[in-house]
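Lettered A, B and C in written order, each chain numbered from 1.
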Amino acid sequence: MKVKLIPLAIATAFAAQVQAGTVTSDGADIIIKTKGGFEAKTADGDYEFKIGGRIQLDYNSYDGVINKEEGETGSDLFFRRGRIEMKGKIKDWGYEASYNLTDSGSIDQLNTTYLGWGKTALLTFGQQKENFGLEDTGSSKWTTAIERSLPASAFDTGNTVGIKFHGATDLITYNLGVFKSAIDADDNSLDTAVTGRFVIRPVNTGDTLVHLGVGYSMRDGEFDEIGARLGVRGGEDKTANKVKAEYNSGLMGDEMKFWNLEAAANLGSVHLMAEYFDGEVTGASNLPDLAADGYYFQAGWIVTGESRKYKNGIAAFDSVKPKGANGAWEVFARYDSLDVTGSDSSPLIDLTGEEADTITLGVNWYMNSAVKIAVNYVHAETDVEKSGEDDGDALTARLQIAF
Amino acid sequence: MKVKLIPLAIATAFAAQVQAGTVTSDGADIIIKTKGGFEAKTADGDYEFKIGGRIQLDYNSYDGVINKEEGETGSDLFFRRGRIEMKGKIKDWGYEASYNLTDSGSIDQLNTTYLGWGKTALLTFGQQKENFGLEDTGSSKWTTAIERSLPASAFDTGNTVGIKFHGATDLITYNLGVFKSAIDADDNSLDTAVTGRFVIRPVNTGDTLVHLGVGYSMRDGEFDEIGARLGVRGGEDKTANKVKAEYNSGLMGDEMKFWNLEAAANLGSVHLMAEYFDGEVTGASNLPDLAADGYYFQAGWIVTGESRKYKNGIAAFDSVKPKGANGAWEVFARYDSLDVTGSDSSPLIDLTGEEADTITLGVNWYMNSAVKIAVNYVHAETDVEKSGEDDGDALTARLQIAF
Amino acid sequence: MKVKLIPLAIATAFAAQVQAGTVTSDGADIIIKTKGGFEAKTADGDYEFKIGGRIQLDYNSYDGVINKEEGETGSDLFFRRGRIEMKGKIKDWGYEASYNLTDSGSIDQLNTTYLGWGKTALLTFGQQKENFGLEDTGSSKWTTAIERSLPASAFDTGNTVGIKFHGATDLITYNLGVFKSAIDADDNSLDTAVTGRFVIRPVNTGDTLVHLGVGYSMRDGEFDEIGARLGVRGGEDKTANKVKAEYNSGLMGDEMKFWNLEAAANLGSVHLMAEYFDGEVTGASNLPDLAADGYYFQAGWIVTGESRKYKNGIAAFDSVKPKGANGAWEVFARYDSLDVTGSDSSPLIDLTGEEADTITLGVNWYMNSAVKIAVNYVHAETDVEKSGEDDGDALTARLQIAF
């Protein structure tokens, strides 16, 4: 028997060898990788290419003050984000292209970074995050709650086209940039925004981190409101109510300024974070000001013992990488508040909601490094009735795949 | 001479070796492939990535009742479909992203599938086919005729966002899903559709197949017509006439229900297929119903002897893979009919054409696994004159490349 | 010591080998490459796949007659182009898909080419360049000036859907195609354009080239003007003035015809190029004609000694590949002119600017094969005042990354 088996084994091995073709490079040695997306880089580090994407499928159900329609429960199932993402490197230059597939397509990020001076001094040109605020600067893939807090939404600088000088060490992270305002008040000349942020990490060892930061943004353009939706997106039609201060129709402020303070800590599997925001919209001499301030506190605990990643480069929390085969489980609570009553008392301004607070409780299941399932409960209260109510509840769920 | 030649050969071999770089993975073994697009997968089957696309360039020429413009011949050259497609796998989760480049961009498919229970029980979340009907469930790349039949178009469930439970064995295929209706009648709450299908294959051996199926769909939303274009797309401006039952302007039904029966056989290089459809739109108590039914018969013969592929997973025909260097040639004929006269007789309903039949004769040349050239002749007849005519002819051609 | 070191070296080599996985093909041998984008091809040449893109971030500042707003300086920072590009080959068929990410997405190129007859006789189907004019036929990545000349813009055939027969040898390049006009005057039937070009290269040896060409285009459709912006794009809102002849509102010509002559030379690091254009829009018997003619001369010198690449296949200049570590530096000057006073004298026609000349001086820094930085100064003069002025200046800058 054994005599027969040996030739068979050889034949099998030979057959396998014939079927499999070789893969070589016509230049530098290349290392490739797939974890759902695809990466290739030269072994000398000169060139890199990466393609992937993210899908966030959300379900929202919301009633009371959260829903615009009085006395009814609103609901929707929709793509919160669907993006194709390419990244790469060509010697001293990195690039990034991220495209929103939803809403008939738009650029999310499209930029190139000069890497020649090292990580402590980078220059990014093109459409990018301005990097203002701890919650806003982190990736939407890895926010703890499904939606960002009320004040972070009210003072979101968005992705704009400009030039940002930034860098980081283990101790500090800084960025300062000039950007084209999202909306040009005047088609003919360029309205600009200047945004900066400085973060210091007195403790930054392994899974233990203390993060303290401050940011500022000053923007020309056209601004008719300061506000935020009440803790949920409310579906594609965005039928969730807002707390906001708004000019009467046709009026526009031409400058917006805001600043923030941020503090966070990572203590093994527990993280704490808080931010305070304050800002205003101003206009011509006769136009009253819109003003708002707000804050949030958040605490999260990864029950299965993992620690949230943190990126020094952008001074923000990042992914949770599950260690076990059953994934990582996280529970969290967040309290946030936005108050727009600081706006000038004027018949030209319409205040809706005036002040709102929400409590968000949630569970995140990081099934593996690519798939996350999140369920959030949101309770919102406003100091003034909207649509005949001053409180409401929402249940939101997300299935996310990042490849 | 020989003494000189040997060192030269060595030098050449050495030079080639120096030029070619190595390609390695920084983790699991990877197998890659290109057949115009690109694929990479880990040898352990945990991860996969695939990128490709499809281009369908169509020419249409059509006259008589098929053309909206009385007495003239319409024509157009246009992209019927142009898509970039990404697919992949991350352990127990698959994903699929397909983006329409035409018409300024839209999502075709964007979904993720839980694979952990095996092929007999899959859960797909996101934008996807609902899988109703044999012709509609198959890929648009591999329909035998250039356009699907009248009743399959009239009762097309489209690609919608939802959750589908599905699976297959060699014997059966099933799917049942809940989806968000393409159009929400009410922005504030979610209109849903429930769609199911069951297929049994009494014979399923190699190239011989007998397929029997039944499907049902029940949809909330807004519906103002049931109908289909007369056998051709009619170009980008869609100037081909329709057979349809339609409410007078402003009226909308709020529910649509339909079912079908399907039968097909693959007998070596010959395939036969037929479907029957029946459905109606209903609305508030005073609104009359729209109703339609229809059927088609199709027979095709691959002259060069290949057999159409069939996918158990979706219970639908798929590609033709040519065996010879000159590709595969197929001829086919299809007869289809759609009748909307079952609609209530009411001044609130506008019937145009009432009943239409088309005969489609065509030739497909599968040049290789990626390139297909199709030419179809369509003859349409309606029982009532439209634009002053009750019959018409069309010639359509398609160049398709799938990479 | 030596005795200890040897086992260590072996252990290290072994560890590296264990970490790195193999990469194989499941069919033909494959060669891959990354230079920021990614390429894979089978060693037998049957299949190819390539993915990449281009980002052009522009800054424009312009005053005087160049700016529509009287007496003010216009400025903008914007993406002139942002594209994702895929190319490939499947045996005898090539394909190309290029998608504009800007302006909510549109197809730039989407076509397939039959390669079976070799480089001297190619057939391209789908959306493509018509190949008219030396400056227009070349890639927008490698034009010497940031924007093309006035007459090349006025007589730009754009990317249209059609069929082009084309080919090249070292001596000649030709193309002749039929295309769908960009705008159909009549939705129901297809308006077409016929465009041809013939180029001869009496000298074509290494870095020395003499190029002589002629082109013609004849187009049905709807045409209301002939003209071009005054040397700059003027930002996303395109607030740069134009020189143009235009029908009064509502009037449309239904045919446009134009031809050109082209001459160019590459003399090592110096290139010279010039084109002359002449064309007209005609309409129904009572409608007067729009007519324009123009020309440009350009001379460029690559100070660092490289030579501009030239592609025989399309008879157009291409990239500059820097040889040194500090990149390649190029200086150039261009003089161009467009005259629309050949239009019929009629109250039905509005002439703006009548004749315009611009001088463009610029510097290009090709940092590496992927990154280009360009700064242009433009001086424009018009023979008639526009917005109260008859001359103006502009400064434009571009950061380009092509991966």
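Just a few scattered comments:
What we mean here is this: a contact is a pair of C-beta atoms (placed from the backbone, for glycine too) under 8 Å apart; a residue touches a chain by one contact, two chains touch by 3 or more.
Treat the numbers as computed from the prediction; the structure is a model and nothing was measured.
Residue numbering shows that subunit A and subunit C use the same positions for less than half of their mutual interface. Superposing subunit A on subunit B by their CA atoms means rotating through 120 degrees, a value rounded to the nearest 5. One inter-chain figure worth recording: subunit A and subunit C are separated by 36 Å, centre to centre, where each centre is the mean of the chain's CA atoms.
The multi-chain contact residues of subunit B, meaning those touching 2 or more other chains, are 20, 23-27, 30-32, 38, 51, 104-105. On the subunit C side of its complex with subunit A, the touching residues are 20, 23-38, 43, 51, 53, 55, 57, 67-69, 72-79, 82, 84, 101-102, 104-105, 235, 237, 239, 367-371, 399, 401, 403.
For subunit C in complex with subunit B, the residues that touch the partner chain are 19-27, 30-32, 38, 40-42, 47-49, 51, 86, 88-93, 95, 97, 99, 104-107, 110-112, 125-127, 161-162, 180, 184, 187-190.
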